[in-house]
Every structure is written in C-alpha cells, then in structure tokens.
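Each of the two complexes below includes chain A, the first together with chain B, the second together with chain C.
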Partner chain A sequence: MVIETEILPFWQWLLYGGSDDAFGALPWFFIAMITAGVVALLGGYLISAVRHGPIEGGDRTYRVVVGGLKNLLVLSPRRVYALARLTVQESLRRHVLVTLAVFLLILMFAALFLRIDQPDPFKLYVSFVLTATTYLVLLMALFLSVFSLPNDIKNRTIYTVVTKPVRPGEIVLGRMLGFAFVGTAVLAVMGLASYVFVVREIGHTHAIAAQTLQDAEGGGQKGRTETANAHRHDVTIDREGYGRTDSVQGHWHEVTQTGSREDAQYDVGPPQGVFLARVPVLGKLRFIDRLGEDKPRGISVGNEWGYRSYIEGGTQAAAIWTFDEVTPGRFEDGYLPIELTIRVFRTHKGDQDSIDRGILGSIVLRNPQTGLQSEMQSFRAREYYVDQQYVSRKLLDSDGNPIDLFDDLTHNGQLEVWVQCLKDEQYFGMAQADCYLRPRNQSFTVNFFKGFSSIWVQMLVVVAFGVMCSTFLSGPVAMMFTVAILVMGLFKDFMLRIATGDVYGGGPIESLIRIVGQQNLMSELNTGDVTTTVIRTADAVITFPMWVVASILPDFRGLSKVRWVSEGFDISPSLLAQDVSVSLAYLVGLFVVGYFFLRTREVAK
Partner chain B sequence: MASDVIIETRALSKVYRDFWGRQKVRALKGLDLEIQQGEIFGLLGPNGSGKTTTIKLLLGLLFPTSGRALVFGRDAVDVSKNERIGYLPEESYLYKFLNAEETLDFYGRLFDMPASVRKQRVAELIEMVGLDWAKRRPLKEYSKGMTRRIGLAQALINDPDLIMLDEPTTGLDPIGTREMKDMILKLREQGKTVLMCSHLLADVQDVCDRIAILHQGELKELGRVDTLLTVADVTQVHARGLTDACQHEIREVISRHQGELISMENPTTTLEELFLSIVRDSAARPGRRATVASEPVPPASPSS
Partner chain C sequence: MSERRSFVRKVVYLCAIGLLLVPVSWLSAPATRSSVSGQGSSGGKLARLRADYKLSQANLGEIDPASETIKLATLGMRGIAANLLWEKANHYKMTEDWTNFSATLEQITKLQPNFVSVWQYQAWNLSYNVSYEFDDYRDRYYWVMRGIDFLEDGTRYNENDPQLLWDMGWFLGYKIGRADEHVLYRRLFKDDEEYHPADRPREMRDNWLLGKQWFRKAQYAVDNFQKEVEGRTDLIFHSYPALWQMYYAATIESEGVFGEVARRAWATAAEDWQQFGERIIPMYDNTIVQLGRLDYYRQEVERNHQQLNALAPGLADAIQSERRQRLTDAQRRVLAIPIDERSTDQRAIVNQLAAMLQVTPHQLAGRIQQLHPEKAVEAHRLADALQHANVVASNIERSRPDVNYDYWKMRAEFEQTDDALLARELIHKGSEAFAAADPDLARELYEQGLQKWRAILDAYPGIVSHGITGDELMRIIEQYVRILNQNDAPIPADFPLRQFVEYHDDENRIRGLLPPVSESPDTSTDGSSEEASETDSRDGSGGEDSPPTAVRGTPPSP
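Moving on, here comes the complex of A and B:
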C-alpha cells in the first residue's frame, strides 16, 4: 500500500492545511458554505423575481432568509428525539434488519468462496469483510434515507407533523440522526460478527508430530508441521527447545518444546506477523545522483506515475531518509525495526536478477553530523514485498569497530538511512513513504474497529446526502441523485484533475472529440485553429462548475480505510479525527441546505 | 374587538402551477374572511371549490400566491402559531405502524410536552374518543371510524384554542357522526374556535354558527346559519295533541287572514334519528329485533 500524501496533525489540518494548501479544512468549510449561501440567495431571488416581480420577489427572499436564519437553530431536543425515534421505528418496520441477515448469511458461506490457500489470506479476509460491510451499509443508508421523507409527503403523514410546532430543521435533523443511529447499530453488529469471523478463520495453530523431527547440525531439530488452513511450515528448534517456523502465507509461529527429548511435546503458538497494525514513522527523503551530488529527486525511468523516482545501481547514487527522534526511549526493545518497500526497474533480466531472487541492495546507517557509518548490510529488493530489517543496538562501523546505534549514529535523535542498489544497470525506485521505522504496533482489534469507523463515517455522509436530497426530490429521483453523488465521489480525484487540466486529452468536450475521432491523447487536436479555440474555451467554461462540484463532493475513496486495515497499517488517530470531522462537516452543511429546501417548499399538493 | 379575531384572510389567492411554473388551476380567488373567537365556522362548497386549499393555506401547508393568511395575528407560515392549533386532516394521515398510545405520545413530544403531562393527556384522550380497548393495536388494524377517532385525539393533544377540521364526518357511521358533532359543540362550550369544512350540508347546518359558501375558489355567501336559512315569509307551527276539528279550525283561521296553507301533516322523523334510535334500542335489549312500527319515535327536536 502506498500512502502518497502526508498525514498532517489534526489541528494543523483543521486550521492551516498542508504546505500545498492555501487554507485548513475549517476555513475551506466556511468558504464553501458562504459561497453556497450567496449562490442560493441569488438563485432564489432570481426565481422569485421571475415569478412575482423584482420587488415582491425581493421581499419574499428577504423573509425566507431572515425567517430561515432565525429558526435555523430553534431545535427542541424532545422534538428531534421524537422524530429520530420515529425514523428508527419506521426503519425497523421497513425490515432494515434484513441487511444484517444478508450479511450474516454471506459470512456463513464466505468460507466456501474465500480461499484460505491464498498467499495472504489475512489480507483477503479482512478486505472482504470490510468491503462487504461497506457496500451493504452504504446501500442500506441510501435506501432508507432517500425514501423516508418523500413517502411521508406522498402518504401525507407529514401533514400531521408539520401542523405541530415542528421546525423544518427538526424534521431534517431527526431524520439524519435516526438513520445514523440505525446505521450505527447495524454496523456495530456487523463489526463484531466480522471480527469473530476473521479471528476464527485466520487464527490457527499446527500440530507437530515428534517422530517427524530430525536432528539438525549444531544440536537442534528440524522438521515440518502438520497441515492447517491449507499450508504447513518448516520448523527449526534449537538446543534449548525454542524454535520457530518459516514464514508461509505471510506469518510464522513460535514453537516451544515441553518434556524431555524422548517424550517431547511441541506447542505451536498463534500466527505471528498477521493481525498487525503497524505505526510507521516516516522520514524525509533526499537523493544523491551517480556522481555523488545532492538532488531532490532521483531519475525518471519513464514511468507515467511520477510518484517514485529511481537510483542507478553500481554507482554512488543513493536514496537517503532522515528520521527524527530516534532515541532509546522510543525503541525500547533495543533494536531498530526498519521496513522497506523498493520498486525495481530492470534493464535486463536473467538468472541472477530474476524476480524471485530480487536485486541486491545495501543499507547503511549514518550519523548526519559526524558522518560515521555502520557496516553495510545487504538485502535483496523484491517487488511488492515489505523487507523488514531489525538493526540491533550494538553495531560495527565501516572499519569494523564496535559502535552503539543510539550513542554514535544519531545526532540530536536524527539518523540517516542510506539505501543503494548494488547491481550494475539495474534501478531501485522509491518514494518518501517507502522506508519507515516501526517503533511499535497498535492493537489489531482497535485498528479493525477503526476500519469500521471509517465505514461509519461514509454511512453518515450518505445519510446526510440522502436526507438532504429527499427534502426537495421525490424518492426515486433522490435516490438517483444520491447514487450519482456516491459514484462521482468515488471518482472525485479524477474529476478534479480533469477540471484543473492535469489529465492528458483536455476537458470534457475535447476528450469527447478525441474519442469520437479516435485521436491520440498526446497529439494536438486536428480540428483547425479556430475550432480548437472554441472547444478549449467551452471546456474552460465547463470545467469551472466541474471543479466546484468535484470540490464539494465527498471523497469516498479517501474515506475508505479498507486497505489500511487489511495491509496491517494503523489508522492514525489524527487521520480518523480528520475523517470524522469531514463527515460532521457534511452533516452540518447538508442539514442547513436540507432545512432551507424543506422550509421553502410546500409539503401539500 | 380585534383581539377576538382568530383567523383573518386578506385577498387570499392560490394558483397551482405545474413544474414549469405554468398556471394550472386558480384554486382560490381573493378570499376575505374573519373568524371570531368561540364560533364554529363552516366552509361549504362542492368538491374542488377551495375549502381544503383554504385550510391548507391557513396551516402553512401551502404558501399563498398573493394575499395574506393570519392565524392568531401571525402569518400562517409561522410555525409557532401551531402551538395553539389542532388539525384533523381529511383522512387521518397517521403512522400506521404505531399504536394509539405511541401515536399520541409522538404528537405530544412534538408539542414539547414533558413526559408526565404527556402520559396523562394521552390517557385522557384515548378515554375520551373511546379507544381504550384498542390502544395497544397498531393503527393499520384500525377501522376507518377508529382511525378518525384517533385522528381527532391527536388534533386535541395540545388542548388547542383553534381546531381545524377537514371533512370531520366523512367515513363515520351515523353514531360516529353524531358523536363528532356533539364533540364539536362541546368544544365551543369550552370557548374554543372551530373551523370546519364539509360538503355534507346537514352536518354543517347542525353545528355551525356561521358559514361561508365557496364555489370555484370564490366566496359566494357568508353569514350566520340561522339568518341565512330563515325563510322570512313562512311560519312554522309545531303542536301536539290537536284533534281533527282543531286542525280544521286552524285552516279556517289561516284562510280568513288571507294566508296560504302550504302543508299541514304529521311530521316524519329523519333517517338519522330513526337509525340512532334503533341502535340505542338494540344496545339496550340485545338479541331482539327492534319493533319500530309499534313504537313511534319522537320527532327530532329542532335544537339537536
């Protein structure tokens, strides 16, 4: 998994934003709200003026705005509670629990189609339950939220509600809260069921038959475990009776021996290396080129995705990560766990450089101040594979003298990690997030439920959009509208890049012409100068509203944290707080929009 | 006195438009009305005459195209006026999956009533509309009459000063109709204002103090029921125990004074009265066929 963008601390994200952003998230929220308000005001006035004339229209708009703002925050908790409760009762009556039944049914039969003999069953199982939950819960939230209010209006039950002293805001908020409660309850049950399912399916142990073990050189024993979960391990047990298995399907086991040699029993522990929630500590990456000169980036190998840049093997070129706060207090176990994911660009292939074997590289730790270096450690860079290095505290320097990792190689807690490719004419590709320290792990259980919180966040956004759309659209139309928002939200990034002109092939009209005329994305349009100008101008006009829409859309892909959990990365509290804030922002914003829609419409026909 | 005016409309008009804003129907044309405190006001008219539109405008369910609707001196779109209003819609649009208690409790919460008050009020109203025996059954199992009763109960949950009833007696059997009319009269005794609309003329005549007759969205007639219905040049005499000779004598007196005798006959009762008396009799002596022919029913008293 690639974490392309840096995760900012929550407050910085909220108030100031990253180095590329002009504002933090909160100022953006207010800018968006105020802009939307002004646009709505002008639009409302125009419609009103067309219908009633400029003066009467102005008077009506004024009354809507003043009366609306005055009543916006008149919310009685008892009324909101009553409406939310009614919403829950209505959801139950509409058999919302069928969703749960479907989910449990899927889990019951999941073992039939999820193959346990995959290279990484943990990833498969976790991503499966999270993805299935996401789809089911979002669909449920969608169907519940878009039909409720239109049904009330169609059945005229709304007549008996709005003729009570109920504010439109209370109706909208009660709906949103009611559906949020239903979604939360369903999600909680699904989360627990999923957790039990994953732990039971992935957690396993192996038996070792004592008679299959053979004496190994040096006094230990070697052998194989019995098969469990469609795999078996090789075991090595040392003279003291402690051992471990090799790594299969992304995990290994500890083995302990009880009893004496003849009637020994072997205990195989739970799988290690899965159920992880790694907390990566990222450093800053810089490069030096083949001649040893500092460069901000490596070289390009012509890959379209410019995220990673490359260093050439067998030269002085190196990728250098600088980590802060490398202190003994932070790495209490006394060693430094470094994880590396290296992309390899091969200019030739053969036995030596086969994909199985990987390409030889080296890691050197260096004191940024004194330049003292540790002895070179070599590793084989295999693609799509996280290479784990545990650097012990007692090291040798490049001349073979003993040195201490924390005392000699760090300066004010700073440590440099140099990575080089040792093989001529082969290249290593890396980006800042590809090398990180891992001082500790978070609890997988907590991370798993953080993953479910991310589904919860998406569910809230869908509910907010569904209820908002249902304040002014009929049920089916509101559903289509919300589905459109969901789908466009999944492609938000792409839309933004089209709108800002970052995608090859031009804006919507230009792309259409290229598709119809089967033209290359990179070539100049062959429509003639004038036509091209017209097309480009029209595109520029279209892309602005496109940019506005794409900016407002919820980024469902970003909100989804399935891969974080399934690939064993901890969802940092800051990230979770950001996502929760985003969903609250949507709730608040769409509440206001829905309130005005409901207030300015006639609920009777 | 201005403070006694509960409802006031000034040139109230409503035009229904289609999606594109094109005019479809002019449902109400320049309605001017004033309804005083403590009166029962009836809106009369054939289907599509604008009665329901008027009530919806007064409730803020619809927005006027022009003119104004004021309730308790406040604009009809102002939600806070609803604190003192009870509304029984044309059909009781209630949540079918709730039972009677839950329904009333829900509407009580919408009035922000604290739990203790709500509980007491719900029990009182269920008792009043006679649904004690069915209060735990979901409304989807209710008959039309029962739904109507619970609809009335929800309209009265806040002890309103103004009650708007849209076709209050449709769907009710004669007993229910009579009870509904008695209820309306009782509400007036409590000093409440009632606005009802109906096309059942007999019902309106029975209970209303004043009526307005609408036709095609226009106000055609407005006034007190007794004044409007009094036929000035006809005199009606009701008497009991007159002999044939006496009746003959009366005819002579009339002709002597150059009067025209329109009719002199034994009155028939109304079907409503007949029906009610049979049902009462059957309830008092179950299992027997009521013998109406041998026991003549007393004629309806004009006041009921």
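Moving on, here comes the complex of A and C:
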C-alpha cells in the first residue's frame, strides 16, 4: 500500500509538524537558512581576514553582505524575464527538443519491453511512463542547467550580459526560471503523450460470441469473453440482459445484452476498477490480542517486511480501526464505503475440502463510547484484492434490533471497525492503511497530471542545484556535483539511516572492513576491542557530517508520486502543496547561495 | 617541398591502412550465407571461433530485438545494471509488489538472456515462493504458471540447454501434480486455454505427460549436443521420463479413469522403464551402467571367467596356492581364527590377506602370457572383457536402488493386470460411495477391492516390500476400517490382508483391531502365501509371509 506514513494537513505540516517532529517545515527552513548563513558569514570573514587582515576583511565581508542583501531585494522582474527568455532561446539552440523525440521513441517501442499479461498492467504502464519521464526530464534539467553559465563564462558571452545594467541575482534567477519554463513545457508534452499512451494501451473491451454462453442456474447466462490484452473474463448475464465479468488483471467490465437470445448482441463496457484515484479516509489502527488485551501491534509471522502484523483466528484477537468525522454530511449517499485489504497467513493449507476456499473473517462496526455493535458481517479473505463493502445506514445491532449508522454507532463522529479472523490456527495480517473509508473518487486524469507535477517539482530542485553549482564550478564539475546530489537525494533515507545507526553493518569504515573481510552484517567485528572502538569512533565522526548533508539534501524518492498514481490513490492537495513548498524552499535557498557565489566571481563584479 | 612531403605521408597512410585491412579482415570478417544458394563463407577467425564454441546469439537461441536494445543501452555496464535490478527485484518481493517484481525479472533476463541460473532461480521464485504468498488457489496457480512461462521463455533464449528443459519437466510435473492443491491445479491446467495451444487435445493437456515431453527434450539435448547435466546424476536424470509416465498412470486412476486407458498408460510406463533400463548411462568414474541388463552382464562374467580359466585349467588355483604358501606363520594363525572370534585389527588383516590371495583376471592373463605366449592375446582380451562385465554388473547392482528400479519395473507390470485395474476401480468407487454417505455400498466395494488386492499380493508378493505401495495399501485399509466403523462392524474374520497388516502396520493403527488368530480361517491365506513364497524368486525379496524385517523396505528415492 502506498500510504505507509500519515499525511499531515498542509498548515500543520508547515508550522507545527507531526507528533515526532520538533518543528514544522517553515521553522526548519529558517533554522537551516540562518545556520547556513552564519556558517557562510564566518567562513567568508575568515578567508577575507586571511587575505586582507582582520579589519579590512571585516569591512569587505560587511559590504558583501549588505550589498548582496540590497541587490536581492531590488530585483527587476523585467530583466529577470528578459534573461529567462534568453535562457529559453539558448535551450532551444541546444536541441532540448531531442528529449521529446527520445521519449516518443521510447513510447513507440515500449510494447517490446512491457508485457501486458501482468497481474496489474495498469500499474506497470503508469509507473513505466512516470518513471521514464522522471529520468529523462531530470537528466535534461541537469545537463541544461550545469553547462549554461560556465559555457557563457568560458566563451565570454557573459560579458554581453554583465556589461548591461544587470545584477548577478537576476542572472541566477533568470537562468533558474528559464530552465524551469523549458522543463515545464517538455514535461507538459510528455504528460499528454503518456496519458494517451496509457489510456490507449490499458483501455480495451472484449467481444462475446453468443454460442459460448450457456444457460445459468436460476436463469440468465454464463460463459467467457474473447481474449483481448492477453486475458479474458468469465461473464454472468442476468435475465434482464445485464451482467458483469469477473475481475482479471485488476479490472472488470459491465456487459449489456441487446436483442433476443438467438440474435443477441453483447456490449462489453470499458474496464472498471482501473483509471481510479481513490480518496481514502484513513483511521488509526490498534490491536487486541488472543486474550482480549490491547496491543499496539499484532503478531509477527516472520515476514522480513514488518509493515503488517497479524491477528490469530478463532480467538478474541482483532484489528480495530478508529475513524474520525464519520458524519452524514461527509457520506451523502447514505452508505459507508469501506475498502479492506487483508493478508492471510495459513499455518496449514487446509484439507482438500477447504483448500479452495478463502479464510472466513468478520467485520463489525462499533460505537467507541457505548460499545453498541452492528450485526456481524462475514467475508472470505482474498489477498491482494480490495474488498469493497458498502455499509447501509440502516443496520441491525448484534441482537437484531434496527439501528442507525450515524446516530447509534458513531460518537462525536468517531466509529470503530473491528476485523477478526474466524478460522482457528489461521491468521489475518493488516496495516493501518489497509482499511479506509472512501467517500469519493478523484478524476484519474487530474491525478495523472498531479503525478506529473511531482516530476515538475523534482525538476525545479535539480535546476536550482544545477544553476547554483554552475555559478562557481566549471561545467563538467558542476555536472558531477549535481549528479552526486541527485544520487544522494535518491538514497537520502538510506544515508540518514546509516548516519543514525539504523542499518546493520555499522558506519562507512566498519562496513568497508566487513566487505573486505567477508564478514556478515550480524556478527561482531573480529578486529579486537581497541581497534573496534577506534573504528566505531571514526565512524561516529564521519557520520555526523553525513547526517548534516543527508538532512539538507532533497528527498527525491519522497517527492516522487509514481506509486500513488499507479496504485490508484489520489495525491491529496495537502501533499502536493507540501512538495511544491519544498521545491520553492530549495529554489529560494539555492538562488541566494548561487547569487553570492556568482557575486564573488570576477565576471559579475 | 612541404606539399610533396604531405602527399607522401598520405600515400604512406593509405598503404598502412590497406595493409592493416588484411589482418583485420582475417580476424573479424563476418560469416556470410547466400540467400539463393545457402552457401557462404565461414567468416574470419573470430566468427569461426564464435561458431565453434557456439557463442553467438544465433547459436544460443532466439534473438530478441528488445533484449539486444537493452544490452546496448546499458553501454557495456549490463553487469551493474543486472545487479541493481536484482536488488530491486528482491525489494519488490519483500514489499509484496508482485507486478513490479515480475516486470523486473523480465528486464534482468532481457539483459542477460543466456545466464541460465537467472532463469532457473527466478522461475523457482515465481512458481514456488511467490505463488505461496497468495491465499486463493487460483492466484497460486497463476503464479505457478507464471514461473513455468518464464522458464519456457528461457528455453527459447537458450536452446537445447538440458538444465532448463529438465526444470520445465519438473515444474510441470511436480509443482502441478504434487502440490497440496494438485486436484485443483490439474483441473485448472486442463482448462488453461492461455497455456495450451488450441490444437492440443484435452487428454494431452496433462501436466505429467507434458512434463515427460520436456524431459525427453532434455535427454535429446544431452544425447545430440554433448551438453552436460549438472546438479544431478545421469542415472536420476534419465529415469524421469518413465517415472512421469508412471505418475500419470497413477494419477488418472486416482481421478477415476480405469479400464483400457489406464492399462495403456501403465503399458507405456512399462515400455518407458524398459527403455530406461536399456540405456547405457555413463558413471562418474568413466564406467557405464545399464540397469535392465543385470542378467546379461552376470552371464558375461561367468562366460568370460570360464573361457579364461579354460586357457590354462587349474592355473588360478595354482597361483592362489603359491600365494598361500608364501604366507607367514602369523598370517596363517590369523586366518585360522574363526570369523566370530576375530578382533577388529584381525578382521582388517584378514581382508587384506583375502585381497592379496585373490587372483584378478589380469594377473591370471599375465601368468598365462608367461607360460603360454601364444595364448597371451586371447587371455588379455578375455581378462579385459571379464573386468568390464564385472564392473558394469556391480554398477547395476549398486545403482538399481538409487532409482528404485525393481519396484517400478514390477509396479508397471502388475498395474496392467486385470486384478490391479479392478482393485483400483472398486476402491475408488467405494470411496465415492462413502463420500456420498452410502457406507453399505462402500463396504461391499471395498471388500471386493481388498480381495483383488489379496490376489495381487499373491502374484507379486515383493511389491509391498517397497514403501509406496505398502503405505498406499495401508491407507486403503485404514479407510476400510473407517467405513466399518460407520457400519458399527468389526474387521471380519476372513479379512484377506491380515498378514500384510501384521507385518506392515508399524504404528499399530489397525493391528490391534484384527480379530484373534484362532477365529480367523487364515489357512487359505497361509496356503496362498506358501504359493506366494514360491514365486519370491521373481523379485528376489520376501513375500507377504516373510519375516517382518524382510517386508519393511526403505522408501524409494525418486
């Protein structure tokens, strides 16, 4: 499931942060900026003091800072626009549109690399186009941004600009905005092409040959569709001529029969259950163990991935989700749509009589205050399948008395959903995001382009880094530097875990020794007590700057929203706003840094 | 002057280029083939080496444009790319993202299509590990077939690779036919229109029969392309086609197919097993084994032995006497100690002396060469032949248990008999009647079936000394006892398999329920057992009335 961590409302994220955070994003931004500013100021002063003496050095530093801040505050939008336009023209001269040609070429031949007969081809195709676009656009942004300024300086064409009344800040910002515009335009075309590609490839229908249908028990007909997109469906049609197929490759179709049985025509609709953007309302999950005692987590069944925990069947063990704001106003249709995904762990497969059946489970809705429960609904678990339950407003309680969902089972808008496994010696596994309420769906098209906007956000960050690096490094070095930031940004989480000692195998030196000595991750180092202490101390020293760098780096994996779109979940506006804010923060910060670097160079003085 | 020098330099360059073209052409000219005549040159040295060592893609298997493109796109770093993808696949597997896992495997194999282990390992991963992650048997079947499809793709990229071909046979047979869900899997497999070509008849849509075909392809690759079998002995490797035919025959009977169809299936199994017995199979020490020809090689040993001795009658005994005379007193004293009273050291000395006293065929031939030079050639020829026959005969004796040769030979034989076919059918129908809540009919059918089993055991007493049939029969008897319990009836006094139970029921599940011996009119059984013991010679093992130690056999290895 894609939503493995809680998504905070935008303002809470910006100002206060989550329960584990000391501050919100904005205070963090200012702390980082002030710290970086102080460090830069001290560093600048020291260098200046060495070169010009302490008094002269202090004076120069003061003038740079004050002049710089003045310059930054009086940017001319007209000149920034003119420079951005120049940047766009330069990009076109550098054949930026080749990226589009490469992308279209990839789409044309994508069918050679992608097999449609996957269990969920929608997911595969969407993640393919989004991932391919991400890599191409980020590489394009990288190459454009890092070589532009150094080339201008090298070819001295920069003098035609700096001899005009232009401030260094405007040069840096103009570049950033110009490249961002080019990237946006390229991304827009790619987005459109990708959308058409996905819809054309995944959208399909099936034919049904009348002679393949047989009479079903109780009237109606049943049979199979013809093959399309490497699969076919079982189909059931009722007496009135309406029917649907079973679910294959993550979708199903509606079927309509026209004409009498002899000359019947069957119209199979487009695939349902794909091209979705669910808007889930998540609850808080807690567990009750086999003896009825509260537990924060269920049982581990030994999976390497500890995301889900399990409850034992045939006991009091239960997984309980508590949902807030379950009010009639939010669920206007008068029913509560619950979607549930269950994992099953069997301690035995069952005998031949029961091996073909899913494990029986139950769902009960419960008022958290009064303890009033709805009548138990049983279901058979099917893994990797979203079980949709539409709970009607009018229900019966556990004694068979009529009750109202919103009036009787909620308390201050809170509702509990209890899930239990009914079969002895078998287990159900779940995580918080496995059960959610789905009051509505968002448009897939909108969500698809939201996915592209997450690439846009990453592209902005890469452009900002590229331009910033190019203000003080030569083209190739700036490229290497930006590539390093990009790669480290992709592995930011891993770097942080190394820096905080959360991975097995120790820090950089310890893991190097383990690799060379072919020692496994879990055993104690066999280098002797003293040497081990020295190694670990050295690692602790190295990992602090590593932590600082990793904390500052952009989290490219976090910014990517490929899985949200491919798994059919709406990218919430709050999340999108958070990502855009992050990229703007990098843009502002790197613009300031880039300005000061360029200002120190001879050409811009 | 300078123009002239420049001109000369250009001419020199041209000549150098022209000269270099000769070795370059000799080294790397591509092989050509005329589309009209089919004739062409074998190309330069590199092209010939590629052809000789079967290194070009055309020799290895199918050429896939997608695969070639991906290989080129990695700019020579496909090893690194494959490593990263492998890591990614592991991550997807851990996080249960099966679509991306499967797609990543495709990418790895496109990068390294001729890395056979990848196909083997990941096909196993799909069919065994990923399928296990799903609770619904239809999902599990889908992933089992996904692994099989994956492996089949591998056989296209790696033509005539016996490992992949053999694995295909194994996956089809064992994963579908021996899983806990085998009844459901076999049903789904027969109905699997995506897997079977449209023109494959329904009776051929059988996992065992198709598995057997893949084993045959693997054998063909080994026989015709000098490919090595890795990871399993040749003996085991070649036994599987016949074994899969046996499993096919047994499975269709368990599904209620009897009569001529079942008889034909067992007859084919018997032929396949015989064919396997006739196959000359190389052993690890460069000798051979031919499982079905034990009698022939024993006769060869005897015949050559006699002929060699006939060249110099009494010479072997004379040599042995000479050697005895050369023994020291201490050695003689050790030899004189009765076997039971010898210590460990003494037994070791005796073994050493026995080896020393034994006259080998070549020692005998050597002595004949000294005494009768005109007979030397013949003596050495006979000694060689004797030695060879001896080695093969002992290889056969040693190897037969490895594949349970005698059991399967006998099984394929007895299953074709009317008694066996009828016994199976009656028991099957009895089980159906019991499932349909008709214990009376079930009892009647079971009792008729058990009578037939009695007849089978009389005719083939050695069959129960092997675990498979003995255990199977025990399960049948246990089910019979359950049926009797439903009828509130004890085991009748004339229960025909009394002695089988007494010898075979190690866990005492049924033995305690048998009526006392005095009440049992088992004289007829004894009589038949006596007859049975007379037929013991057909398999060399104890019959039903043999002592318990002889009845209990070790489970078969395959």
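Miscellaneous remarks
Simple rule for what comes next: the second predicted complex is superposed on the first by the 509 of 605 C-alpha atoms of A that agree within 3 Å, B and C clash if a C-alpha of one lies under 4 Å from a C-alpha of the other, contacts with A are read in each partner's own complex, and residues count from 1 in each chain.
In the analysis below, a contact is a pair of C-beta atoms (placed from the backbone, for glycine too) under 8 Å apart; a residue touches a chain by one contact, two chains touch by 3 or more.
Note that the coordinates shown come from a computational prediction; the quantities given were computed from them, not determined experimentally.
Residue contacts after overlaying the shared chain place A:Leu75 against neither chain B nor chain C. Residue contacts after overlaying the shared chain place A:Ala577 against neither chain B nor chain C. Contact with chain C, but none with chain B, is seen for A:Pro119 once the two complexes are overlaid on the shared chain. When the shared chain is aligned, chain B comes close enough to touch A:Pro165, but chain C does not.
In the superposition on chain A, A:Thr157 contacts chain B only, with no contact to chain C.
By the document's definition of touching, of the two partners only chain C reaches A:Glu383; chain B does not. Chain A makes touch with chain B in their complex at residues 50-51, 67, 71, 76, 78-79, 81-83, 85-86, 89-90, 93, 155-167, 602-604. Interface residues of chain C, counted against chain A in their complex, comprise 65-66, 69-70, 94-96, 98-100, 102-103, 106-107, 110, 133-137, 139, 142, 180-181, 183-184, 193-194. By the touch criterion stated above, chain A contacts chain C in their complex at residues 109, 112-115, 117-121, 123-124, 127, 227, 230-232, 304-305, 307, 343-344, 346, 349, 352, 355-356, 358-359, 381-384. By the touch criterion given at the top, residues 21, 56, 59-63, 77-80, 82-83, 85, 87, 89, 91-95, 97-98, 106-107, 109-112, 151, 154, 158 of chain B touch chain A in their complex.
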